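Shared between the two complexes below is chain A, which has chain B as its partner in the first and chain C in the second.
Coming up: the complex of A and B.
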């Protein structure tokens, strides 16, 4: 297995022609574990660490563009993430451990497409779009379209993610990420919830976006729960009712970390965190 | 083998002084070489083909393809083992390579040596083993039934490795007279040692036929004897060297890779062989802590004095006995806790199943039974309406008391002092404030446990150490350590003791780690006896060497001053000896030059005194250690916070109040205590070991969850330093006591918060949320 270091996106595209089964390695925090475990090694890995085009963060008037190769640590340190995207800031703060955050990237977390990926629920509630490049050109698709199943994205052979576009949230919006893992660090989410909330002056919900991680094959979005909450004043009682709806809407599984039943409870209960905050 | 320690200080160490360990710097910088760090020139890699069934008869092993592969040096099976092919201490029941039957998943079937790891992997895959699966038993209760498949046919008691009963006073009938009684049934889980350095070593055949090996082992001297029998090679034809271990906790108490290494070296044409388990292989093949099923019934009178205990303990030792009998003994001996209970019946059994092998693990049965008795004590105190701490104090053993297993405590007992210190501590006094200050959706509580832990091997197996100390020709002091240092810091403590007696700085001392060729036979690094026993031996050797040095210096001064001198006028100082009245000095190096080798080397043999009490009960346990003589004591307190939305639990504060005799080096002592307590937190809350029909589901570090630094609270360690006559400088063993009470303290705290007990296995968030739900406390703000 060769490890190659393209310097430009053009070079990267050409590598995909030479090595059709080649795979991109960004931080390697997921890929190297998978390769060791499953052993199906591709003929080449394309490291993107020298691809400057993937490393930048661009702040525009109404949106932000984050290069796919930006690490979680870099994101966590950016003032704009802390000030405008608390939900994403929360998520990268509890993702993995310091070494993982220093090498793992946003693009990598996205392309791993795990329902437990910590940055995914925040990207759903933020309405992120994924910028894709490949031999046939470029396209930009909403995250919910991009992610197609557990470990499965819409990327075709030779295509890769160049970055993530996120619209700036409304100035008064509240957002947060709640995660339950088996320990406080280095934990894969058993269940998680990303929230984006705008309230009217009379405290009724103007707009709410919710996305749950680890309780279905992909990040779960439940429009009926959002619709139920819209126009209501959030209280423990209302959120409990929403929780009951949510726990019926998610599709969790039993695995080594938790039972489906526990995940259903968490799906509901994590909503109550919103009121505490 | 000398190691490279560069102590942080050259100042002479003094007993009682807090100082960084002599091995700290070289470990932190990576200079220190562990067994895994040895890559002999031109070495081969050795690896194991492992069983794919929990219980099966091997019908054929086809090694032809593997053997023919380029780069494969040897493919060995049990046919290549000349000796008994059986390992074990009391019960020699475990083959090095399976001969006919495999009894657990991952049992070793064949051994391969190859030029590279890649070829090794391919060769292992190319070995074809055919099996006839046998009925298997995974439940220890089912293993005891008459219908069960038998793992080791020919044994008198079927699958029961050892069972016995201890009864004292009037036994169970006294329960009927008790004013108050409480019952608990507790099942505790397996635990993996999860040391950083997985099982590893290198070995080679020397020209004279000696099999030399550098291995990560707690038992270099005993390994020789075990290997000798299994391979039918004289024990003197083995040389075992044990560098510092990257953790062991009991998991390297006995043979891990040594049998494979020796066998591989015999078939390697004189080349060295190296073995190093990957993490998954460690989980598959390594030993674990025994799970236990316990039933407790405890009673007290109206005044709150404990009167009667009836309990039963069933442990699962897996496919082979390993230390199963000894773990059961220690569990039973400690089953009643450190309390005066005059009437008891303690039934215990340890059984074979087709599960992974359980053996020694820090605590050695005591954390299991502490989880039983301490939860029973809490329940009884609550039922009878007594304060949880005062109730323990009222019943605490003292020096001269008799334990619930009839053992007369002749040595120091500091439990009452520990309880009083905790009673006065802010974390206990402010417990109500803590409970009442929980934030939204949180519940807070405090949990308490008291425990004790025996030091040493008991009355039958001699607990000995042979120390050796050398004044080298160049004047520096060489300390020979006969017992492995698996990370607890005993090697550094030997240097501290020698430095104290000879008043020499670390810059004038070096340590020689265990090597059967030059250190002297000593028992294992285990049983909270390592520094206790070897410390006594090294103290003796240092006293002898000091006397010799001064005697020889006296001759020299007498010649210089031309008069009769008195040895009391001489003082040993770093690197020199001073004659105080005249102020004259001679360098230590000069004295060394005046001594021949037989004088420069001092040795001292020490065997621990034992409990001579003849007990009318638990006769079968005597060989396994019952009764002990010296015990360390602890009271542990945790402050907990539970999340009512998720069941997540946080240990917010932890107090260890420890009586383990005098403390030689407070810093090293505190590290030991904290390490054990952290491991206890893992055992209680995180390490949710999962088996399915004998197969480990949590077989790597992404599924076997160890606590991280984020999950361990700040800890406070309070010492009750009673001086123990048996111990060097008054110390007692401190290696295990701090893990013993953590699970029970946490379980008691959780029960206080929820109002009900979680009685099965690891206290995960999922179980806690379910318990909160059943108690109507889920999502309560």
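Coming up: the complex of A and C.
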């Protein structure tokens, strides 16, 4: 495999013409493991680590744009992420381990499209849009459209993600990410939940967004559970009822980390953490 | 391809396949066998090196990515025949048993102390969470980091 280092988006586009089977390597924390395991090597890897256009974070009035090549460590250190996007801050704090966070990128986690990817549920509840570029031009799509299945995105040959666009949440909004794994670090989630919550002055729910990881082929969003909680005052009892609905709505599998049954149970119980915070 | 980088403080040029893993390059071509390989998949931290001072996993890096960077392995943390403060603290606290995780662990400690010179024991555990040790139960490693942090603080004062 050749390893090439495009310096501009134009150079990257041209590389996809020269090497149609080429693949982008960002942090390499998933890709290099995959390539080694399955041995199906492309003729070239395009490393984006020196592609400056992908490394910047732009704070605008109503949204933030995070370049696809920004690492998890960089995100975690940004004051705007800590102050405005606690759900994303929580997620990058429990993703992999320090050296993984030093290499891995937000764009990489997104394109790996694992049902257990820690940044994905936060991006769903935050209403993130994915900026895509390719030979036919640019487009920007909601994350739920972008992710199509386990390990599967809507990217076509020659297309790549340039960044993630996230609207700034309402100032009083609460958000958090809860994860259950076998251990605290280096653990792939058995189940996770991202929450984005806005409450009315009378403590009823004004708006709630929920997204579960690792309990279905992709991130699970359950509009019926959100609709049930809207207008109610959150309590253990209400959240338990919502949990029952949620555990029926998700589509978990049995695997080496846990059984489907246990994951259904976690789907419900993770909701109870909202009241603890 | 020709790759030019700093290796343990020395300007180095090597001819290697672009996709050769850095762990193989360091161990086999340079004989730096303090770089250990265990899982080969980014889950254990045994192959940790410092790249421009930041902990990275050499099993998940390719030779081409070394161009222009500074690499430090355990062989480069102290002049030959002596130990760095962190290494000495590991010895003094009994934080080394089989020793296989130690090189990666020490390099992870250097990264941690550079970001956070006075970490709490919780922060030490968090900072070293990417490095597995199957012998010590971690307690003595945490103590060694506290001892090293105190010594380094004294030195700065």
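The rule we apply is simple: the second predicted complex is superposed on the first by the 277 of 277 C-alpha atoms of A that agree within 3 Å, B and C clash if a C-alpha of one lies under 4 Å from a C-alpha of the other, contacts with A are read in each partner's own complex, and residues count from 1 in each chain.
FYI, a contact is a pair of C-beta atoms (placed from the backbone, for glycine too) under 8 Å apart; a residue touches a chain by one contact, two chains touch by 3 or more.
Since we're looking at a predicted model, the values are computed, not measured.
Participant: A:270 in the overlay: touching chain B, chain C, both, or neither? Say first, second, both or neither.
Facilitator: first
Participant: Identify the partner contact of A:96: answer first if only chain B is touched, second if only chain C is, both if each is, neither if none is.
Facilitator: second
Participant: After the superposition on A, what does A:185 contact: first (chain B), second (chain C), both or neither?
Facilitator: Touch status of A:185: both partners.
Participant: With the two complexes superposed on chain A, say which partner A:17 touches: chain B (first), chain C (second), both, or neither.
Facilitator: Touch partners of A:17: none, neither chain B nor chain C.
Participant: Answer with first, second, both or neither: which of chain B and chain C does A:2 touch in the superposed model?
Facilitator: Second partner only.
Participant: Show which residues of chain A both chain B and chain C reach, each in its own complex.
Facilitator: The overlap between the chain B and chain C interfaces on chain A comprises residues 33, 97, 184-186.
Participant: Could you please specify the touching residues of chain B with respect to chain A in the complex?
Facilitator: Residue positions touching the partner: 440-441, 645-648, 686, 688, 690, 697-698, 702-703, 705-711, 764-766, 769-770, 773, 778-779, 781.
Participant: Using the touch definition from the top, list the residues of chain C that touch chain A in their complex.
Facilitator: These residues of chain C touch chain A: 18-19, 21, 40-43, 45, 48, 54-57, 59-65, 67, 108, 111-112, 126-132.
Participant: Which residues, counting only chain A, touch chain B once they are in their complex?
Facilitator: 33, 97, 180, 182-188, 190, 236, 240, 256-259, 262, 265-266, 269-270, 272-273, 276
Participant: Please give the residue numbers of chain A that touch chain C in the complex, ascending.
Facilitator: 1-3, 5, 25, 27-29, 32-33, 36, 41, 45, 47, 49, 96-100, 102-103, 184-186
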